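Here chain A shows up in two complexes: once beside chain B, once beside chain C.
Our next item is the complex of A and B:
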């Protein structure tokens, strides 16, 4: 196997809350190959967003990375000097986030926000402006010239999300972290943005780590999927195979909870039981309390192991 | 933006009218007769009555108000009972002193508070944060008259570097005038800085936690730019309102500070006018204070509109 573009090994993060310390990522490992799209799926609170941000060393003050390696083209981001890491940002690694209303600076024009990123990594004001205009056009934003002078509040939600994508792509990065990029949008806009994102990704040959709680979004865009639960990756594999034949009981429960589209079948399906309290996790598999097949073995640690070529699961029961 | 400011200007006029009525009534409701206060203790009732007529107190209240507002609009705020000169002239003499001290205090406050607030926020929980927390606590809770006396003792009495009080206008030379103004300005400025520091700190912390900061960081914007541009520009918006209001208080004249440093400013004038029940002077001063407050509010709104594009239309 060629060296992956980005590889996270045994990432452990810590988050201080009022209820005590929690670990949003507990020994998380994954990799993304050049041009590949990896989906990171899980319920809210599963730790996917903290994990993704920690993987590129972007953290809130309350959280900290306490273990693991973050290898981008073989170099550990954790060992890198801040200034070297800054040089990689936008140019190599970029990020799109969930809430476009909060993700743009309200007191700066769209143009200023776009061009400064381009200029930070070399290039003239003029080149930056040209790149920004071209990208806005490419993102099908009407009248890009006048949008450049606009402030974020003057744009619609869908438009703002496009600007946010433009911000991430203006330096043509090799890896894009997309943290629920369409969750705040309504369904028609969501479809459009996803299609655009996919198109641009192919054009730029960009790899992507796509975080979502929405399995249909993941199914549409991702080559491979990693399913997260309580800070751990439970199962990982090629999208189609994993969604068609989930091996981990949690993935099975998650897929069974996707509404099928007819309301005659009674109540909406859901994963039975309560999500775990991250501050007080049982030893072993975090899903054991909700698992229909729980057994004494489940109190042992369940490492992620290969169950078939390219497929891994963290359950002693799972098999090909 | 023009329409926004026009609306504010209309509100401003209304507030001033309401305030003038209130001030007039409240001053009349104060116990004590100014005519008696102006006379020696052995004045006869006839003499007192003559004085009442001379200063217009025999007229019905609404007429007194009409006369006052009518001339106020032409810039004449009446004659001071105590000084026997025009109130406008007195204010014109005193206001520059207060303005000078206030501007100096504002400059000192901002010079301290902006870096202190920013560094407290970026070092939350660290030594810098704790230092400024203690500074703010002292600044807010230490009475100005005590701080003023301590400073006079140190800089004027013990070290002999600065004059203990009094005022010299800028025309006396920059060194002389600053030497007279610097102590009261520090006295007022540190208290003012303490409030602004705390406000700016919490506002910075709020902004630094926002998503657009994470996005800027994710795209390689320098940390210094993030703090001093991205975050500060947003954090200044709420901080400025508070700072503006406090500046209104400063301009109204810091009574204690002016008394301690023997500054002939608005605060001392107001203090003296109340003691001697100098109706026209009290009215004029309070009205001016309201006007200053309202204008500062207006200036803050305009500044807002410049800082925050969401307010512009």
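Our next item is the complex of A and C:
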């Protein structure tokens, strides 16, 4: 196997909350190959966003990360000087967040925000403007010249998200981290943004780490997917195979809970109970209290293990 | 056919974009046409789903149906009468469940006090009787009795929404408007709450107006579905018919966006326009893959098929050319 572009090994993060200490990422390992799209899917509190941010040392406070290696092209981000890290994040790793209204500068025009980044990388005013215009056109933004003079609040949500993607892509990163990039958008607009993201990543040969709670979004965009629950990866594998034949009881329950037919077919197969309190996790599998197949074995630690080529699951029962 | 429980006739709701004094005296100020000429009825015991994207006016329509806001024009009839003539009596029979239980529950009150409030307002029994009723309500929505002493922040999102439902049920209403009641919840919890809503509806013979942007959930839960776009209902009909054979291109685009398993190009181009300046003719025409010259000029009339689906689209009313 060629060396992955980005590899996270045994990441552990820790926060202190009112309810006690919690660990949003508990021994999380994954890798993203050049040009590959890895999805990180999970419900609220699963730790997916903290994990993604901590994986590129964006977590605040940074001391929350207490263990693990973050290898980008073989170099450990955790061992890197702050200045080198900034350089790397500016040129090779970019991020798109859920809420473009909060991520864009409200008092700068779209054009100024786009050209500023380009100029920070040493381009001339003229070249920066041309590059920005070309990118807005590429993102199918109508009337790009007049949009350059617009402020973020003058654009629709879908338009703002496209501008944010433009900002992230302007220096052609090797890795794009997208945290719920379409969650704030309407479904018909979401479809368009997803199609666009897919086109662009193919064009640029860019790898992506896509964080989402939405299995359908993950299913459409990702090559591989890792399912998180209570700070752990429960299952990982090629998207199509994993969604068609989930092996971990949590993934199975999650997929089954999505409404399919009508209520005439009977109640929805809901997952009983609630996600566990992260400050007071039981020993062993965090899903055991809600799992239909729970057994005494589940109180033992469940490491993520290979159950078939390319497929891993953290359940002693799971098999190919 | 049974007489409808709720009936809206030509209901519109417009808001001033500048609700200031100056805005009111200036002529020709832009209006947000949140709801535009909507007529529909809901039969007793029926669940009508109302779907649409942001700016479609679905939440506004829900609030107008409960007269939480008066319509700008048109009429709301409840049980054959005008509910505005006795709002207090209407509130006893028509209630609302909100999307975000965290912000719709008073955080400084215990669950018991929250559930007691509608009971006292509507003079339900004495203190002891109200306490019994609160215990009943908690059981009804699947919460343990000791939850009564807790505060909203001590509950999970799913539990808080159960309290929101219990509060709406407190005074035994006949009709409930549910505005995105599961949208803030995770999928695994959403399914629990959806099951509870159906169970309660059947047990208590309730009538729901279920507002959601989630078409799969609406299909699962509702008997009929109404699709809104920029303030108007573009299609309304039996849930399964509409799901399997949508007539309006917008309904089709919405369905395809939800059920897509690959990255096929979307059928609705661009973003939803502003409801301040909805496009002329059919409001969907700038995004519609089927649009023709007529669509930009004339607003389509509603036509009804033999399957009981009503749609407002030129394709089904003489063509787009």
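Keep this in mind: the second predicted complex is superposed on the first by the 307 of 320 C-alpha atoms of A that agree within 3 Å, B and C clash if a C-alpha of one lies under 4 Å from a C-alpha of the other, contacts with A are read in each partner's own complex, and residues count from 1 in each chain.
FYI, contacts are C-beta pairs under 8 Å (C-beta built on N, C-alpha and C of every residue); 3 or more make two chains touch, one makes a residue touch a chain.
Owing to the predicted nature of the structure, the values given are computational and were not obtained by experimental measurement.
S.K.: After the match on chain A, would you call chain B and chain C a fit or a clash?
M.R.: fit
S.K.: Report for A:159: first if it touches chain B alone, second if chain C alone, otherwise both or neither.
M.R.: second
S.K.: Output check: A:221 vs chain B and chain C. Expected answer is one of first, second, both, neither. What do you get?
M.R.: second
S.K.: Considering only the touch criterion stated at the top, classify A:142 as touching first (chain B), second (chain C), both, or neither.
M.R.: In the superposition, A:142 touches chain C alone.
S.K.: Which of the two partners, first being chain B and second being chain C, lies in contact with A:254: first, second, both, or neither?
M.R.: A:254 sits against chain C, while chain B stays out of touch.
S.K.: Considering only touches as defined above, state whether A:187 meets chain B (first), chain C (second), both or neither.
M.R.: Touch partner of A:187: chain C, not chain B.
S.K.: Using the touch definition from the top, say if A:319 reaches chain B (first), chain C (second), both or neither.
M.R.: neither
S.K.: With the two structures placed on a shared chain A, what shortest C-alpha distance in Å links chain B and chain C?
M.R.: Result, nearest C-alpha distance in the overlay: 8 Å.
S.K.: Enumerate the contact residues on chain A facing chain C in the complex.
M.R.: Spelled out, the residues of chain A in touch with chain C are 43-44, 142, 156-159, 186-192, 194-195, 198, 213, 215-216, 219-221, 253-254, 257-263, 267-272, 274-275, 290.
S.K.: What part of chain B is in contact with chain A in the complex they form?
M.R.: Residues in contact with chain A: 124, 209-212, 214-223, 230, 233-234, 237, 307-310.
S.K.: If you look only at chain C, which of its residues touch chain A in the complex?
M.R.: Listed in rising order, the residues of chain C that touch chain A are 53-54, 156-159, 186-192, 194-195, 198-199, 213, 215-217, 219-221, 239-240, 253-254, 256-258, 260-272, 287.
S.K.: Taking the touch rule as given, give the residues of chain A at its contact with chain B in the complex, in rising order.
M.R.: Going by the criterion above, the answer is residues 53, 56, 58, 60-61, 82, 86-91, 93-95, 97-99, 102-109, 116-117, 120-121, 151, 153, 164, 167-168, 171, 177.
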